[in-house]
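After the structure tokens below, expect a handful of questions from me.
So that you can tell them apart, the chains are marked A, B, C and D in the order they are listed, and the count of residues begins at 1 in each.
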Amino acid sequence: MMTSTSLVYLIALPLAGAAILLLAGRHSDKWGHLLATGLSGSSFLVGLYQLSLMLGRSNGQRPITQKLFEWISVGSFNIDAGLMLDQLSICFVLLITGVGTLIHIYSISYMSHDPDRRRFFAFLNLFIAAMLLLVLGNSYLNLYVGWEGVGLASYLLIGFWNQKPAYATASKKAFVMNRIGDMGLSFAIMIAFATMGTVSFSGVKEAAGHTSTAALTGIGIMLLVAATGKSAQFPLQAWLGDAMAGPTPVSALIHAATMVTAGVYLITRSNFIFDAAPTAQLLVVIVGAITLMFGALIGTAKDDIKKALAASTMSQIGYMILGAGLGPVGYAFAIMHLLTHGFFKAGMFLGAGSVMHGMNDEVNMRKYGALRKFMPITFATFGLGYLAILGVPPFAGFYSKDMIIETAFNSGGSKGVILGCVTLLGAGITAFYMTRVMILTFTGKSRWDDQAHPHESPWLMWLPMAILAIGSVTSGYLLSHGDALVNWLSPLFESHGEHAELLSPVVVSGLALVMVAVGVAIAFLKYSRNEVAAVAPDDVSIFTRVARQDLMQDRFNEAVFMRPGQVLTDVLVKSDEAVIDGAVRGVGRLALGSGSSLRGIQTGFVRSYAALILIGAVVLVAAIWVVTQ
Amino acid sequence: MNAANYLYLSALLFTIGAVGVVVRRNAIVVFMCVELMLNAANLSFVTFSRINGDLNGQVIAFFTMVVAACEVVVGLAIIVTIYRSRRSASVDDASLLKR
Amino acid sequence: MTFTAPVLNYSLLSPILILLVGALIGVLVEAFVSKALRPVTQLSITIGTLVLSLAQVWKIRNEHSTTAAMGSVVIDGPAILLQASILIISIISVFLIADTDHFTALAASLPGSDEERHAVQTGNQVTEVYPLTLFAIAGMMLFPISSDLITLFVALEMLSLPLYLMAGLSRRRRLASQEAALKYFLLGAFSSAFFLFGMAYLYGYSGSVNFAGIRESVVGGSGNDVLLLIGIAFVSIGLLFKVGAVPFHTWSPDVYQGAPTPVTGFMAAATKVAAFGAMLRIYYTVFANAQWSWTPLLSAVAIVTMLFGSLVAIAQRDVKRMLAYSSIAHAGFLLAGVIALNKAGLDASIFYLFAYGIATVGAFAIVTLVRDSNGEVTDLNRWKGLGKRSPWVATAFAGFLLAFAGIPLTSGFIGKFSIFSAAYESGAKGVVIAGVLSSAIAAFFYIRVIVLMFFTDPIQDGTTVDIPSGLTRITIIFSIAVTIVLGVFPAPLLTLITNFATFIR
Amino acid sequence: MIWLTFLMALPLAGSVVVAALPKTNEKLVKQVALFTTLLVMGATIAMAVGFQRDNVELQFVEKYSWIPSFGINYALGIDGLALVLILMSTILAPVVVLAGWNESHGGRWSVKVFYTLILVLETMMIGVFAATDVFLFYVIFEAMLIPVYFLIGGYGTGERSAAAVKFLIYSLFGGLLMLASIIALYVMSGAQGGHTFDLASLSHLQMSSTTQNLLFLGFFIAFAIKAPLWPLHTWLPDAAESATPGTSVLLLGVLDKVGTFGMIRYCLTLFPDASKTFTPMILVLAVISIIYGAILAIGQRDLKRLIAFTSISHFGFITMGIFAMTSQGYSGAALYMFNHGFSTAALFLVGGWMISRRGSSTIADFGGLQRVTPVMAWMFFLAGMSSLALPGLSSFVSEFLVLVGTFTRYPVHAIIATFGIVLAALYILIPVQKALHGPTTPGNENLPDLNLREKIAIAPVIAIIVVLGFYPSPLLKVINPAATHVIAGLGFSDPVPTSGNNE
């Protein structure tokens, strides 16, 4: 592989930004946000430059690496701090830095009133750096560093307003649940090292050929666990909803566009493992399918605009995971959906942010309504994102999502049918809840109270929204035009022969559109016709209630993990004091007790002393007798 | 007559003395019992010197008497002082120091 | 039969003779010198005698002989070392005894009688304690070098009788002091009766009063073992009583507490050296070849003694009694050295005796300093916050305690290590284990005292630490110095002992 | 050049000087102490530069006869491991002095005594790692207790004397068991060609497996008490709770390392077979310590106790790495000892500052500090992150090495231990949330933030934590040769990857 010397700048620039802003402290309040934005932007430029170089090279020559220094080297465990840029990672680099920069710009205005804006930008830069390390690391261990780095950044940003206890708790929850996933990643690395003696992507890819399926399955499953943690997939999805505690730009960047998609990256990157471990691959698909329904269902019941979007994110990533689980045919489409989703979901989050901005941070959609007139640009950009996620041609979602649905159908056998139906159904439900969001927010009568003075956001905010909107319109077409992305990525995946087509693309699109139409229609009947209650009605079906509580995920975790854990902790704390320490103290008391009881021998009467001596004498004589016989 | 009998006698005397020390209360009597034990030992010395046909045993007996005499001096001094200050020669009364 | 005049090698006996002469002069001084001058005269005579005697010991250090007194004493390496130790310990103890405030003005007077009060007021202080001390020391010097039964017995009584009296000389709590004397005397006499009886049987077994003779018959194995065994058992009782081993220890706590503290210190230190010295000689030379009979018993006694001493010490509330029990535990450790029955054991025991003796005197010296209006305060609860009152005294005491506990960098540790390794080498693993265990237990109460002194706040009850007199100060400084030096650079002394200590038979 | 003796002499001389200074001039006392410790640090670094990395033999060897009659020598010498630990100790010393500038006030005795004890302790800290004569090691091992005992009992808070006694009794007990073993070794050496305490020659002793097992236990229990390993740990939380932060740093950061160091230096070297025999049992204890310590840390209400329990968990990792008998495990453990020193130091020092400002060590009494004292809050957060082994910080490297190294030979233990990292997230983030986040609790509104001295004190610690996270090679290069040497000496070699056999 070709080596490069400039990859490090991709990471170094934002990292420097974070360092400067954090160390300079208050001194950098004036210019901190500008510096951060600039650095993120320049990192984007470096990315573009690398892309141009890469385009200039032939397929085989495209991946490049850079060894920074020897990181850990003990016995046969040798890890270099090394970077690798290939067709897959460049997509992420551009997405991260591109969307990242836009969101930097957006935040300049969005956070302008926050006293800690500088710190916010420092964290954003930190995140960019960590995320880039995640996608650029040339071994699982380097990836691990970025993996937990983004976790840290996300923790810091979710808890950015951690003076609110609820927010602090949310950030903690996110970190801990992510750590569970990370544990999976470290297991995967350990197994890989134990079985293959290496943990670098290239090494593992090479060794995967002659490694037992059992080991590969183990690694695969553990990687999946990691992915579920980071990408809020079932069963580790519970943190994402609460993560909306963070400032909206954060939700847009980290919890919609980039970080949460890291799981998809991990699985795609590890294609050589999953291709060789069918069981693991099947599990991936199952997790994806479950999650996409899970998220969609939650989405239908949320009144908090950000949580609705979060649920949708969860569901969309479900699509991607599912796609990635479909093997070589699916990887490219998963990535494509990831990119398009990056655009339209980020766009919609920013839109939501802009709405909140205008409605002094009100998030309850039941308190919105008729905002179309007051914030037209927001409405427009959000609307385009809406069309994109619905998958209406020719918007981005149409290409990427339908591809996944089609591949699902064509993945063969009953599996294919089931998956296809699930994805179709998901599309329908998506249409329903997104329409609901649109209606509740922008149309109908206004339901807000007097304090709210809805107004359009300043250009610094709508400009990024506009750009992302353009992306959500065009990206799908551009990426799939002449299978651009598929061909671009194909060298990375050993593609097998195409499956027998169950349904033709046209049919799939047709079905999908029908489903969407149905979803939209239902939403219209339910919300547009009759009045929307300003407060969530209680006389709702049990289903709605459950959905409002995120399908009981928190209740479940609480009952199964937290409560028993707390009990165990209390018991141990008490027993440590009572049993272990008690035993020690017991020995002490025993010594003291026997001591004071032996004191009794010393009666003070000389005759008893003499008696003792006499007894001693007798015993001694007797003993010497016994001994010598 | 078999010399061994003298040994049995001395052993008997010694035992009587030892038991006496333990059972008697009066300091003087206790002390006399100790003297009895010493003389029991003397008896054995003499007997053995007879058995072994060697004079050292008898010499020791003399030494022992002298030493015993010294002990009497010291002993009586102590017993008398304590009797004067306590108005009692019972060893059981002297039990301030214990445990 | 013809009478052959005894041939005595006076120079070799001179250390003891000097002491006896000094003692006699002391008696005369007591009779004829005026009250005012007596204390200082007596003190100077005593010190002078001791130093002179020490000098003599130094002079004869290389002249080894078994015929110094017609074979009834033997002068050899161990003898020299032990005598020197006894003399050094005695000198620093006499410095404490010099503080007449501890001693009754008139032993003969009734406690609380006008007679006594008058004696105190007029400063009519009798000083018979000095000659008594010298007599005792002479006995102690003789005990470990005597090599026949007569001398052994006489020496035993010579060192015991004066101590009986000295125990009763306390100025305060005289009843207790007299009681101590009584108990010590009765039990001492009782045990020496056993001792004598045992000697009789040894004589009966071997037909010889001389150690060499007895040893020969033990080696030869001829003769009636029953006599030998009874002899060993009873002689052991006498010796074990003197060293205060369980179950023959009962006298020591009471006597230690009742006796005047300087005497206690002297007794605890010097008597142990003398008694163990004699014990080592007897077991290493006379009984060596009968070890099959006595090592098991002595091991058992040693184990019981260590554990008992340490355990009971935990429960003590009186510092002197605590030290008494700790000395019982140490007697157990020292017995391990006797059991070892090898060169290492001998060396270790001698080192241990010296180190322990010095530290003991130092510890009791400090006990003499903690007082209130009516004399010493030995109740540990009133030692609280001593570290605040007078840090240096408390620190010194802590030093001695750490030495007793066998913490490294103190003489106690080297001693413990050497004696345990010797015992282990001879295969007495059980004793070593018990020793380690009891050291752990012992650490308990030594540390408790340190906590009392340093980590608890003083209670205002008139407990004070009076400024040590010059002599006491010398004692304390000397003993702490020795304790530390022997902990850090024990090499010179150890080498000296190794080169010196071999019994000649 | 007699480097090691020189290193040991420096602080000792310093302590003499300090002791000689007037009690009243506290400022001068502190300055002298700080200067001395800095000097020692400089000297150590100078020595470290001269250390030959690839040489597995002991270096800077010194040997003088001390007690010939027992064949005891004053013998010093260091390998990579010892060097690393000595470096850690001597770097931590000035940090502690500077960080705890005022913690000696309000003690039972004068400031002067405090620093005298600290300096004496530093001498012993160097000696205990440098000693190559078992007797010398034992002497220092035991003597070290005394200054620490007085530091805890004299300058601590709360139940300080009880805690000090508990600490001392525990340690003495362990020490005496070790003494028994040492005596046995000594006697056996005498039987096999001359009494000696020289570690190298003792390691060649012939002994029956029973003897070896017993002697091993004697040593191991002593070290397991120091380290401390479950269930011999109960002294540590009390001690840490009562001791001053500085003392705690030296206690947990350095003294407890003597335990894990001893396991490598003495247990493995002297009793290779017994070590193998007991490995399964020890690994179980280690894993228990990891999980148990973590869970109890989660359950603590007192900040200092919490930190103490996290250390128990970390010592579990170290022990596991040592007895995994792989080069990764060993190097990981060795590196862990170093890193733990600094992350614990950071936690204790910053925690100590928080406590001294708030006047309480109950976590619930804090709250919202991030808004009141941002710098202090961030330092605490960073320290916490390094304690939960966040990648990019030093402890991650060591922890992961330990896990990987263990996994290759004992997968089950490694897997269970890995759950520790989730618990770690909890035991760090819970106090972080309670103390730093949320609304500012009444009474904390105007706590002062870190002053310049404190910033200077904590800066190097944080720097080391971060730098070693990305670039641990310098240390690893020093440790690795020793690692392979020891592992090979035990007749182990790293397990080979299984792949390739299943084609």
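The criterion applied here is as follows: contacts are C-beta pairs under 8 Å (C-beta built on N, C-alpha and C of every residue); 3 or more make two chains touch, one makes a residue touch a chain.
For clarity, every value in this text was computed on a predicted model and none was experimentally measured.
Chemist: Tell me which chains count as touching both chain B and chain D.
Modeler: A, C
Chemist: Which chains are joined by the largest number of contacting C-beta pairs?
Modeler: The chain pair with the largest number of C-beta contacts is A-D.
Chemist: Need the central chain here, defined by C-alpha centroid distance to the all-chain C-alpha centroid.
Modeler: So the chain sitting closest to the middle is D.
Chemist: Between chain A and chain B, what distance separates the C-alpha centroids? Give it in angstrom.
Modeler: 97
Chemist: At what distance in angstrom does the C-alpha mean of chain C lie from that of chain A?
Modeler: Chain centroid spacing, chain A to chain C, equals 80 Å.
Chemist: How far is the middle of chain B from the middle of chain C, if each middle is the mean of its Cα atoms, in Å?
Modeler: Here chain B and chain C have centroids separated by 25 Å.
Chemist: Rounded to the nearest whole Å, what is the centre-to-centre distance of chain A and chain D, using the mean of the C-alpha atoms as each centre?
Modeler: Averaging C-alpha atoms per chain gives centres 37 Å apart.
Chemist: Two or more other chains in contact with one residue: find those residues in chain A.
Modeler: Expected reply: 588, 599, 602, 604, 606, 610, 617.
Chemist: Can you list the chain C residues in contact with two or more other chains?
Modeler: 182-183, 186, 190, 194, 253-254, 444
Chemist: Identify all positions of chain B at which a residue touches two or more other chains, and write them in rising order.
Modeler: Answer for chain B, listing residues that touch two or more other chains: 18, 21, 30, 91, 94-98.
Chemist: So, with touch as defined above, which chain pairs make the list?
Modeler: The set of touching chain pairs is A-B, A-C, A-D, B-C, C-D.
Chemist: Residue numbers of chain B touching chain A in their complex, please.
Modeler: Contacts found on chain B: 18-19, 21-25, 30, 91-92, 94-99.
Chemist: Inside the complex, what are the residues of chain A that reach chain D?
Modeler: Touching chain D: residues 69-77, 81, 141, 144-145, 147-149, 152, 159, 162-165, 168-169, 172, 175-176, 179-180, 182-183, 186-187, 189-191, 193-198, 207, 210-212, 215, 568-570, 572-573, 576, 580-581, 584, 588 of chain A.
Chemist: Enumerate the contact residues on chain D facing chain C in the complex.
Modeler: 65-70, 108-109, 138-140, 142-143, 145-146, 150, 153-154, 160-161, 164-165, 168-169, 172-173, 176-177, 179-180, 183-184, 186-187, 190
Chemist: Applying the document's contact rule, which stretches of chain A touch chain C when the two form their complex?
Modeler: Chain A residues touching chain C: 588, 591-592, 594-596, 598-599, 601-602, 604, 606, 608-610, 612-613, 615-617, 620-621, 623-625, 627-628.
Chemist: Show which residues of chain A lie in contact with chain B when the two form their complex.
Modeler: 599-600, 602-607, 610-611, 614, 617
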